[in-house]
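I have a structure here, written as structure tokens, and I will follow up with some questions on it.
Which chain is which? They are A, B, C, D and E, in the order written, and residues in each are numbered from 1.
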């Protein structure tokens, strides 16, 4: 899973009915301290994440292993909101 | 899903009958404002997108989760036309 | 799918019987005009493509959605020969 | 599989019950001597690995081929702790 | 499939019984002449390859389409030993 920050939202014209009812978030991958290091991408929100939250995103067929995304043309989901990250015994990120 | 811009179309000699009847678009990944940042790739159009549209593309096995692409050797679909993108509470892209 | 140019062929000692009977091509990804931009990779030929042809390759589990590659340890297929590519209303590649 | 070093742990608010009970590790890909070369990512621990261990991680749908991760929205697992790595007949890494 | 060179072996503590009995090789992707261009990764050997062999590796779910890797948390296999590579009508690699 990638560590990523929610940076925004998208409104789109979607054919698939199930996806149409989902919240689509714009994210960018971060390092283990929350610093942005990757390109923007879009994922279906499963955990009611908000803009600026640090989250974990699951990719590929794994993104369809939920009731909300089963059989949908979806390749990324926000599957967790990160509470804290600990590296080498030190807390490097703590949700405010 | 990737944010991408439709830059063109392709006509190809395709063995698979179902794919042969599909519209294949050339796309390039963009950032959250629509600026191009990625290499060109090709996806099956599911939403009747046009050249210059900003769209979402789904990749991998997720691209086969539609009636039009089921059991086809297809690894990318245009699954949404983007109407607007909002980053940090500000609209950064609006379909004209 | 990637736009790619066939640059060569490989002869290999392969355990899987079905793959052993297939033609394996060496390819490199190109941009939308046919200029090479990517690393070489190998794919099973489904469309009788020849060296120097511009083709589309499908990747991942999608590469197994054909009679010839079903249940094979194959992750890329040449699924189309490109006849022409059109970008912004202009033909940028035409098969000779 | 990637060779990777465990650099930390994460505590997250996760919807999926099975994933919630799993230990999630933060990792970075390394080269064959254990030198870090990649971005951080998160994987489910299957082998009770500890911080600083060199491990192998499996990705994509392969990450769901275990009792602990079956049908979960999980795309990476720590599937082995590396004991030693040998390159060109020389031991380049030995677990301490 | 990637063209890759076998550079070494790994001994690891693995939970999955089937994987435990497999030979795991360390590889690096090469170009079409056998020059190394990629990061090291690990794959299950299906073809009794040796160090320094040039091989083809299959990735993702395709790596599980063999008796030896079915239902295993494995995402890469060595599926062929390359005998020769031909580019633009010229032999650029020949197994010695």
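In the analysis below, a contact is a pair of C-beta atoms (placed from the backbone, for glycine too) under 8 Å apart; a residue touches a chain by one contact, two chains touch by 3 or more.
Nothing here was measured: the structure is a model prediction, and the numbers come from that model.
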| item | value |
| --- | --- |
| Neighbouring chains shared between chain C and chain D, ordered by label | E |
| Chains partitioned by contact, chain C not counted | one piece |
| Where chain B and chain E are represented by their mean Cα positions, the distance between them in whole Å | 32 |
| Euclidean distance of C-alpha centroids - chain D vs chain E, Å | 20 |
| Residues within chain C bordering two or more other chains | 60-61, 63 |
| Pairwise touch network: line, ring, star, complete, or other | ring |
| Successive chains around the closed ring, taking chain A as origin and chain B next | A, B, C, E, D |
| Residues on chain B engaged by chain C in the complex (per definition of touch) | 7-16, 19, 24, 26, 39-43, 51, 60-61, 63-64, 71-76 |
| Contacting residues of chain D [partner chain E, same complex] | 1-3, 29, 31-32, 37-38, 46-47, 56, 58-63, 65-66, 77, 79-89, 92 |
